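Each of the two complexes below includes subunit A, the first together with subunit B, the second together with subunit C.
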Partner chain A sequence: MAVKVMIPTPLRAYAGKQESVEVQAATVGEALSALTTKHTDLKKHLFSDDGRLRSFVNVYVNDEDIRYLQKEQTALKAGDTISIVPSIAGGVNRARI
Partner chain B sequence: MATKVGVATAAQLSKEEIMRYSRHLIMPEVGMEGQLKIKQAKVLCIGTGGLGAPLGLYLAAAGVGRLGLVDFDVVDSTNLQRQVLFGSTDVGKPKTQAAANRLRDLNPDIRIDTYDTQLTSANAFELFKDYDIIVDGTDNFPTRYLVNDASVMMGKRNVYGSIFRFEGQITVFGAPDGPCYRCLYPEPPPPGLVPSCAEGGVLGVLPGIVGTIQAAEALKLIIGKGDPLIGRLLLFDALAMKFRELKLRKNPDCPVCGTHPTLTQLIDYAEFCGIRGEEAPSTVTNIPEITARELKARLDHGDDIYVLDVREPHEYQICNLQGHLIPLGELPQRVHELDSSREIVAHCKSGKRSAQAVEFLRGAGFKKVQNLKGGILAWSDEVDPSVPKY
Partner chain C sequence: MSPPLSRPRLKVREEMYRRIHAHGVETYPHECCGALLGRDGEGLREVIDLVPLANRRDDSPRNRFELTPDDVRLAEKTASEKKLELIGWYHSHPDAPARPSEYDRNHAWPWYSYIIVSVEKGEARDTTSWRLHDDRAAYDAEEVEVAAR
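Presenting the complex of A and B:
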């Protein structure tokens, strides 16, 4: 089914500057795979080397966190919105300790 | 209930306070009862910058009886684009001092305590103990995890707000049955993966909007009215002018707030976030460098040097060394435009992006390529002060 994937600001540079991307997928895993196939630079920001979703990136289907659904196996319906929500802190990303 | 003229305690409002807060008092949602709760509230604001500015202003205006301000930074001219608590005459002053001056002028009746110090694992419990609510207006991951962990361990709610460019996130952590920051993000991103405001920029109004929402949430928690953002992550996009909301669940296995917490003491947060206090941890090493002075000498000597500018077009418009512009992100596709037989000096704003460019070009077989150490900022400092810094 056709679903929309919302791209967060810090990652838009790697998704052709788009704020959302349409993909065809039956599960969240397929949707993310389709996304990173279209935009290969996104892959290393979303996934670690062993293929797992990075833990400072959360994925939601509509308003539910996939960790509380079926994770990457979460089934999608036509018109669902997938949101990628990375951790942001503004300011600087290194401690002045 | 009004008291005799000049006599006011925390449990009562004076005639002057009733006048000052009349717009709160005539609303049933606040009323005398709510205003008294605000007067008795103790809120600690971590950070007095972009988020801290509206936070401090609106909490002081509302009459929060005791406000604590924690910041170890000094006011800088680049802050004034968004840190509206400060004025031009405050540049160079400690932020907590400038903030307290402004807030005491806004509301002389409240107690404001300043802590011109960095929040650390060693002082967090001591700083937090006198306050009921913590508001996180910080700008880095290690402190956010520290604020979160300390708040949960001390049973205090933490009103969280964060920003990036023109997007913001707001929620309330640390509520008794609510999630905490680690439920949302168990681990921070490795340094260097997410740009800072200095690198990515930030729309000045954005922390103004997000910080004001944080102040609203703090007030709602104090008066106990409305639906606080507990278990709700509010996402804001200022460019699209859209708000979205996602559900935040408490993770039963959370190491800090779960049913069997494994983390019961504060840790070394810099280490947790992969930072050990270096100024600019670089992922590239052994990059051949040239200083701005050396480059100037070589150019004056008439040496044939190809200056490659790897910044973005909008930066080129601010100032440039008349180099050839190929933004770093486009370098792989446009590398054929470069002549590897020529000597190339790559530069960016401060030397980090150009170091990556040099590493890439060396990997592509370029032998005569160097990085301008310190970037165009160093050129402005060492060679030509008329080049504006940004």
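Presenting the complex of A and C:
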């Protein structure tokens, strides 16, 4: 079924400068896989080398965080909107308390 | 003939530059953080406003900062209401250089500008800004221009 994936500003350059991409998928995992198959440059920004979603990549289905649903196995229905929302982190390199 | 290589430019309104420094001083010895709002033009990006945010890393605020997806959504909403774009983020490095760490790089997103201010013994010192390469391997240093308007 067709679902829409909203692309955050920093990743639009890797998705043909589009704000959203339509993909065919039955689960969130399939949608992300279809997205990165269509736009391969997105893959390294969404997934770590071991193929898992990066910890600072957050995925929502219609405003629900998939961590509180069935994660990447979350089922989709036609017309659902998936949003990729960054969390932001950083800091100095040193062990301090 | 190809154009000469030049660093990306980031113009920062003087008031915003001062506010970033003041935020870093206020939270010292903890890291401060916030969002940069502005406009992204051809060859020049401009910081016009800020959204100061709370550092969510209660466990290690002296050497880490973190913002939640809700913080990011708030920054995006504020930018949209002000007819601006969310163009990046700022944070401080208490008693450390204003250079991105390995931890910064591992957690950075491309396209955004990342301003870092070093705050040494409670005083704001160097201010730099960085953009992550497409391959995530390194950063470009931006040329920071402080302007009255």
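Note that the second predicted complex is superposed on the first by the 87 of 97 C-alpha atoms of A that agree within 3 Å, B and C clash if a C-alpha of one lies under 4 Å from a C-alpha of the other, contacts with A are read in each partner's own complex, and residues count from 1 in each chain.
Following the convention adopted for this analysis, a residue touches a chain if its C-beta (ideal position, glycine included) is under 8 Å from a C-beta of that chain, and two chains touch if they have at least 3 such contacts.
Keep in mind that this is a model prediction, so the values were computed, not measured.
Undergrad: If you stack the two complexes on chain A, which partner ends up touching A:68: first (subunit B), second (subunit C), both, or neither?
TA: first
Undergrad: After the superposition on A, what does A:9 contact: first (subunit B), second (subunit C), both or neither?
TA: both
Undergrad: Taking the superposition on A as described, I'd like to know which of subunit B and subunit C A:19 touches: first, second, both or neither.
TA: first
Undergrad: Using the superposition on chain A described above, determine whether A:86 touches subunit B (first), subunit C (second), both, or neither.
TA: Both partners.
Undergrad: Overlap of the subunit B and subunit C footprints on subunit A, residue-wise?
TA: 8-10, 13, 45, 56, 58, 60, 65, 85-97.
Undergrad: Mind pulling up the subunit A residues that touch subunit B in the complex?
TA: 8-10, 13, 19, 45, 54-56, 58, 60, 63-65, 67-68, 83, 85-97
Undergrad: Under the definition above, what is the set of subunit C residues touching subunit A in their complex?
TA: 31, 33, 57, 60, 62-69, 71-73, 85-86, 89, 91, 93-94, 96, 100-104, 107-112, 114, 134-136
Undergrad: Tell me, which parts of subunit A touch subunit C in their complex?
TA: 8-14, 41, 44-45, 56, 58, 60, 65, 85-97
Undergrad: Given the complex with subunit A, which residues does subunit B contribute to the contact?
TA: 49-51, 118, 120, 138-144, 162-167, 169, 184-189, 191-198, 200, 202, 207, 233, 235, 237, 240, 244-249, 251, 269-270, 273, 275, 277-278, 280-281, 329
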